[in-house]
């Protein structure tokens, strides 16, 4: 099967890192295709950038002209997943949801460690909308921006470990979710340092997407995610930047 | 003062109707400027269209080159308000929030009557995110699409009255919110028919925006709605369609 | 229009301060009438005093024999608003609700800074009943009694600023509500000191009441706030102290 | 021990019925003293009347000049209990709370059947404030006013049974609480008719008050229910109507 | 009347301590019978041990061949109460519920102080299922195992007092519940040390059970707690260890 | 890898049906081993039977003496999963959780259709404890007992379809979960009849268990699910019935 994994920002290096992480956990026979949006911010760290990414991801996925079986949106706490669900007939998995719902199998409560403090409310709100917030002990910021994670992985590990340890000690988290697509690949180090299971959203999303495809399940079209009605839409598809 | 009121869809006639309603309640000295997005759907009735509108509204508001004191987003249950709050320093009022928070002064519980059933979950989710859902008795669909409301106002009144009556009788609503920017102007008829206060979101948003300006209050910039960080953003501003 | 603003305690100086604050934000043409209850506590800081104030305010408002367009109850977290809503046909605005619902337009979460610790649960409970608690980050006590606020405004500012700063830093509040009618007029100083929007409930209530009157909206009479049934009531009106 | 049981309305016949019911379940050695407020409504069916009753009950209880061990407030969903808790050092039991917390021992969910529809939101709100709403399946109105219950008990039984049956069938209630002090004594009939346990709040409150006294437990005075601070209170005690 | 009080662990000394505490508060004429399970852990401090205890308690109670009027399950936060409710026609009272629902009469919020940290989530979950969590300020662990409590009561008092004081100061608890059947008898000392009411679950359960019996109330059999259907059950009753 | 799938009741035919369903979705290389408890009820339809099954499943799994990689508990809404998590180091997946968390990827709200009405509250409570209830539209009973499902699959399909259709129409479910291990294999028929995705918990649990194993994730041992402390446990392991 073929799974598209869409980065939410326009930094190609992150797309590559995400796709590489995805491939490392994919089942034999699963092809991973990384997609980078054609427009939007180089890193997504707030509502404006996230809304722009939502549209850019939808635009980029629709422009992909080969068959595929599922789509993963690889942004943590970002807008847009519901739009993809309307536009597509294949299953859509957001890494925020995948990490949280996987974590809930592993412990009584989980925490998310993310990048900047300003993204914390977005993640909390997305988890609430997804119905996965009840067992969330906390969402904590490492204080590092997305591109800083990329630039200095070891510093990232230190900052994430510090917040993960506080989450376990103070917030009573029993599992840690890595709250940024760009953290893919750091899970093993952080697990060793904290002693609790660490869930990488990209990895969790890949196995979830594979599972949905294998089970023949896809988005319900009876109400919220019904295909958009036929109507006049100006400037769509955008193909902006192409 | 000058208040921009942004339609979420690209149908000019709705922008005009909204602006007219806004002017009818504005204080002396308040200038209302209606804005129509340069791209997006002719009517917004779902997540994809709403996400596209979110970006189109931000783009259109940023392109407005005269001074203004507040911005109203005139879509019911739509995405995007948080993005405007980040991008602007003036207060931003969403009509969904304005209708609900006004209704809560008038009765113990309120219901929203909107257009199509598929938009009900969007409205519920936006109210939850805004923290205004607790006293919401129900969100009910009239079954009429946005453009049908425009085309046949009397049929719209009948359909809305029917749902409003059920909301009062079955869901124990004590106030009705008109759940669509395009319903502006129907409030008086529906109030007479149902006997309960009817809140039009556009009207409520105008007086709320005026109040915030008068009180010298605007969006907090310390966390969630801080100005976006300086970074490379491809394809922005869009000015798409111009 | 004429708006009655009822102090909840019997200290005339507070009534005057509240009315002065109200006048400073009122629109041209709005007359503000301050009312002091004829009986009750010199300051209201707990349930017994608040229940007594509830009745004293209803009694005092009913005794006002001139026409008026709206009533503001200027006590933070106090009982009684629902009773006024039953007895009157004009809109009733409580400053607790007005501050909270205004704050929700300005940030993702708000905190209230009030007087004594013992009043914190009352405020929390009133916000819960009003359906405005979801986005409340915290209610914090400055430790100063109502009359101490009156006696030493500068000390009050210091105590409030300290708690406001903690609310922003520790509780992640993005907006501060001044949780006492007697704090009216301190908002500007506290805003400068904390860097976040500060909402004074009296001011917010005045513009809200004006808005409701302008929009022709008043309390729904179909259920919770229906006019009391005709029946024998001993000792009412009280006019106690007259 | 001596337990005061305060009627919330000024109808002596109801006080007598309540006291009689209380005596029928009291332990040997428990003396029940029924108190009727000196002012207020002949029946309490809404917020204004309930707020007035709150003060009238406090006033009446404080005027009782013999020793006593506990106080029961015998109004369903009424204001005031917190005020009594502040003013007194003996335990205070509200029949709304007593019925609900007793019902929760008996089934997975309970419903309340009360008098008029307009009192339903008051009861719901009081249960929410008391933290006893989570397992409440519904609050249903029989449509009979308080004094109608008194006048025609058999009609009352029929109306209550009808709503109780609906609560069991449609709302999945497993226990019924009689939601009015004036329903005391009807429990056995209704239990036979519906087949589920029926909790009379007065009876439950008596055994609860006895239990608290026996266990040497009374209201915590550290925060919410601390004794009112010494201050000038005009017109208190009221002794109105004496 | 006769009340069975079932210890959840197999340590006879704890059964005796519990029964002694129960007898000290029981009404004249109430006979307390302590039961020790025939199999299971010497102390219950986690889910496996608690599930085993659930079955062992049901088995032990069913093996009791004399008449009785009520059953108390004397484990804090343990599984099994619903099973007893299905199997028996007499009322069943869990000490977790009894402590919490009693505490709610005494203050605005309560905390539980229990044994080991690992039992905290169990207690929280049981309170949530019972619908008694809303007013729970916190569940805190003293760090002492059940058998350590038994072995060194004075050390237990110190550890519990420390957590109780934090609960009052930091979590705003106004009442403390002793979160372990083995803490029975420590309440008076802890009350003196902390100045807030202290509720011992065993004592509260005894008066509650007596009250239910006196009121003629027992478990509803219409749905959740209906008697198990007749069917083939292998290995039941267990009488294991006999 | 090898996955143990434990039936909760003692009917071998159900174990076989469950194992067969599991094998039909398992990845190549996954070995499914069905386990039937050695004691307990022939069908589990209530709390007593479920608590007994909890222990019987733990006992049966511990008695399995070959290596395995994950355990599935194949009972819908049953007790016991937390006990297995404590006792084992491999991941444990409950079909209730697996169905719900899978359904949440497919629609805005899901409903569960189960067997008898008496099991509905158990399922609701388990979903609440698992933090997966927020997006649950309803749990509905088909009215068929577990063994009736086995005996007459076509009648089962009819009864389930009827409730599924009501869930979609009245409760606004967009996905249906089959709420009984014994319904495994009916999903395709029901999907065709209702037009919405149908999630079989056994199938979802198999792919979830495989995913966890593949990702190297297992139960967190830092708190709630820590290995039981070494202590004296009478009568364990049970091996009852062997």
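Read from first to last, the chains carry the letters A, B, C, D, E and F; within each, the first residue is number 1.
As a working rule, a residue touches a chain if its C-beta (ideal position, glycine included) is under 8 Å from a C-beta of that chain, and two chains touch if they have at least 3 such contacts.
Chain labels with UniProt names: A, B, C, D, E, F = Asp/Glu/hydantoin racemase.
All of these numbers come straight from a predicted model, not from anything done at the bench.
**Student:** Among the chain pairs C-D, D-E or E-F, which one reproduces the interface of B-C, with more than half of its contact pairs identical by residue number?
**Tutor:** D-E
**Student:** Find the chain most remote from subunit C, comparing centres computed as mean CA coordinates.
**Tutor:** F
**Student:** Could you please state the distance in Å, as a whole number, between where the Cα atoms of subunit A are centred and where those of subunit F are centred?
**Tutor:** 28
**Student:** So what's the Cα centroid distance for subunit D and subunit F, whole Å?
**Tutor:** Chain centres of subunit D and subunit F, defined by C-alpha means, are spaced 44 Å apart.
**Student:** Could you grab the centroid distance between subunit B and subunit E? Build each centroid from C-alpha atoms only and quote it in angstrom.
**Tutor:** 53
**Student:** In subunit D, what residues contact two or more other chains?
**Tutor:** 108, 121, 172, 223-225
**Student:** Touching subunit E in the complex: which residues of subunit D?
**Tutor:** Subunit D residues touching subunit E: 25, 27, 91-93, 97, 101-102, 104-108, 130-135, 168, 172, 174-175, 195-197, 199, 203-204, 207-208, 210-212, 214-215, 217-220, 222-225.
**Student:** Could you please specify the touching residues of subunit F with respect to subunit E in the complex?
**Tutor:** Residues 10, 38-43, 45-52, 54-56, 58, 79-80, 82-83, 85-87, 117-118, 121-122, 125, 128-129, 145, 223-226, 228-229, 231-236, 238, 240-241 of subunit F touch subunit E in their complex.
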